[in-house]
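Two complexes follow with subunit A in common, the first pairing it with subunit B and the second with subunit C.
After this line comes the complex of A and B, so read on.
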């Protein structure tokens, strides 16, 4: 590879990669809140102790955690049309990423809540607080501080996992890179640019999480 | 002063070493990979194993296809034995670094010649024409290309650059999809996510044969593209040798062998590159 030409090569193809990056950002911006919302909903039955629903949630989490995201994405994209459902590639991609990451997030949130000592439940109830009030005012703030770091981590994994939507035809950063490779025959140069753009994206998001984590902890601590 | 003198001499020595090294490299450049291949006694060829009918794995688990047979013909021309060859299976993206870093002597992977690509690898001349056709569901109502230029039609393309440009030119009103594999592109049409897909004519014929619910549209997309063998650039003797063998295959003493391979995979005889021989 001739590195002296890398600058002009990058200048030529960066606009096309940037368009792909915007799609990646859009997919992540749709998938992350969806995943968190589903993750929270999945956590409720287990924290509340609803037996039957907890069983379903556990089964869901096991299936989602133990099958590859790429396969789930193919199942949604190529499987739904057999049932007569034609959701477009972005919907299928966002849904697949959200459904799997919700399972991981739910586990993180549940373990965060479980990590707060059960004695605090007893103490709260002993001074006459209702179960819900104990949860909201004593347990939840402590659990939130505990899960912030792992949840941020998980969301960064989510951003990187959005690259799999390239397999079902979403023109994200990864697929845009593959298109450029097909044109230019420069696999290595393009993947370096693609990796650099992902790194910038995840670094910015990671920094954002760290700042909000610090603020949040200060406010509650 | 003394330190200046020492630095000056060091610099002079360094400059001389640099010159000697430069002279050494320019001499080394004359040594061709062709010598290495002949000394080694076999070809190392990069091919696809997932692009029927060009390079794929058959029911017996063997690597077969048009590109495989062409590479064997080159081995036969080089060593008198079509089996003096080692195949490296590579993905579409892998073929470029494999050629550039010398993992393979050359690649035979239905690789279309584009100027952008030729800046990074050396291409031989064309060894088979590439032509694009549209594949649609058998029950689809489309007859002409105009029938597909509608906002409610989706065209499935491959990441190959010309496909997107062609689709935008011919079907400006249609929606476009892009996939990084032929199987996904094909399935998108089969399942009704897209209404038509651009495929290489021989590839389309191959898929339709095993999927009777699909058909190839009679109206052809007229572009013809050239397909070359590709290798590391900057080795003149190596490039010249393979380019010459290709020239002999498509219009010289190897044409009979080449013609038999072509007919085996595509069911018809190829045109001779010498146009005046094709008088029928």
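After this line comes the complex of A and C, so read on.
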């Protein structure tokens, strides 16, 4: 391996990797809000105490957390067509990532709400607030601040997990790298570049969260 | 300052019974609080005094007896056929507007500033005009000596400061009665005084107060009436300088004996 050539090698393949990176960003940008939205919906029955629905949600979370994302993705991409449902690889990829991360996010959100002291409920009720008002104005905002750090961690895992969509043929950053390797044979150099690009992406997200988190958690002390 | 016997009754507790599982914590407690009266409730831990106080704004349910605040039933009503029905959430909440509560652990809303804490009830529950509420809130904060901290978050304040804000928050609702549930028990000894001073000031202004506390000197100097509870029942009650100087029961005598300031207990 001739490292003196690394600069020109990088310059030659970066544009192609950049296209893959845009696909990765797109997949993550679709999957993250979807996962958060599903995660919130999954949390509602458990916080509201709807027994039957909570049971379904718990079962869903157990299955999702305890089977590999790659297998779930294969099930959607190769399994659904057998049922007559044909979704393209991006849809299946985004959906698989969203469905699994929604399970993890729901657990985080639920524990964040549970972590707000019951005494905050009492204090709200003591000034004449109804339960829903206490939840919305006091419990939820405090829970949101508490879950910011774990949720940002989870979203960084989500970004990294999008690399699995390469396995069902989405030409993301990972698959773009593999394509270049097929042609150049320089697997080490290419994967260094791929890893560096992922690192940049996750660092930007992490920094964004840390800034907003620092702003809010300072208040809670 | 004696309360005239004809002063209207603000809080009326009649035959209050409450259990936690098989354990009965309140065993038929009855007493009235008249407007402007300061009632201090003393008793060993586990005597039911805090539970009794929490029943008054229905933070605890109860199985027997009735409570009224300003004549309105708390928690339950009779359905006309002698059965008691729990009031709906709206009526329970409306009752709580008349009752200010100060907790042992302050329980300020940690995501809101001091000023926002005080304004929340009047604005969000009573839908009063925001600029008027703001003016009132700042006056209350001035009164409890916390005006200069109006824009701080609670985490930045000492326990005594937080408790003074909590008192202002409760007062902002313009309650008919203020309940203090061991308001100084969680405080470092050097911070107890600043909270008791605010409570004393409220008492002299004529606020109706029910105070559960271990502060003997507060009971002796501020209370119009002292109630001593033990085992879920009122054992003795009366004017402090009479019953505290001359307790009629062995239980109250030994309680006062073990809790005397000169034996190293709390000093106000």
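Just so it is clear, the second predicted complex is superposed on the first by the 214 of 221 C-alpha atoms of A that agree within 3 Å, B and C clash if a C-alpha of one lies under 4 Å from a C-alpha of the other, contacts with A are read in each partner's own complex, and residues count from 1 in each chain.
Everything that follows uses one rule, which is that a residue touches a chain if its C-beta (ideal position, glycine included) is under 8 Å from a C-beta of that chain, and two chains touch if they have at least 3 such contacts.
Computed from a predicted model, the values in this text were never measured in an experiment.
*Asks:* In the overlaid three-chain picture, which partner chain does A:34 touch, first (subunit B) or second (subunit C), both, or neither?
*Replies:* neither
*Asks:* Give one of first, second, both or neither to describe whether A:185 is in contact with subunit B, with subunit C, with both, or with none.
*Replies:* first
*Asks:* Tell me which partner A:120 touches in the superposition: subunit B (first), subunit C (second), both or neither.
*Replies:* Second partner only.
*Asks:* Using the touch definition from the top, say if A:129 reaches subunit B (first), subunit C (second), both or neither.
*Replies:* In the superposition, A:129 touches subunit C alone.
*Asks:* On the A-aligned overlay, A:91 touches which partner chain: subunit B = first, subunit C = second, or both, or neither?
*Replies:* In the superposition, A:91 contacts neither subunit B nor subunit C.
*Asks:* After superposition on the shared chain, which partner residues are touched by A:145: those of subunit B (first), subunit C (second), both, or neither?
*Replies:* Touch partner of A:145: subunit C, not subunit B.
*Asks:* Which subunit A residues come up in both lists, the one for subunit B and the one for subunit C?
*Replies:* Touching subunit B in the first complex and subunit C in the second, no residue of subunit A appears in both lists.
*Asks:* If we count contacts the way the header does, which residues on subunit B are in touch with subunit A in the complex?
*Replies:* 92-94, 96-97, 100, 114, 116-117, 119-121, 156, 158-161, 164, 177-180, 184, 187-188, 191-193
*Asks:* Show which residues of subunit A lie in contact with subunit C when the two form their complex.
*Replies:* 117, 119-120, 122-131, 133, 137-138, 141-142, 145, 216, 218-221
*Asks:* Quick check on the complex: what are the subunit C residues that touch subunit A?
*Replies:* So the residues of subunit C in touch with subunit A come to 57, 59, 89-90, 93-94, 96-97, 99-101, 103, 105, 107-111, 120-121, 124-126, 153-156, 169-170, 173.
*Asks:* Where on subunit A does subunit B make contact in their complex?
*Replies:* Subunit A reaches subunit B through residues 1, 77-78, 81-82, 86, 89, 166-169, 171, 175, 178-179, 181-188.
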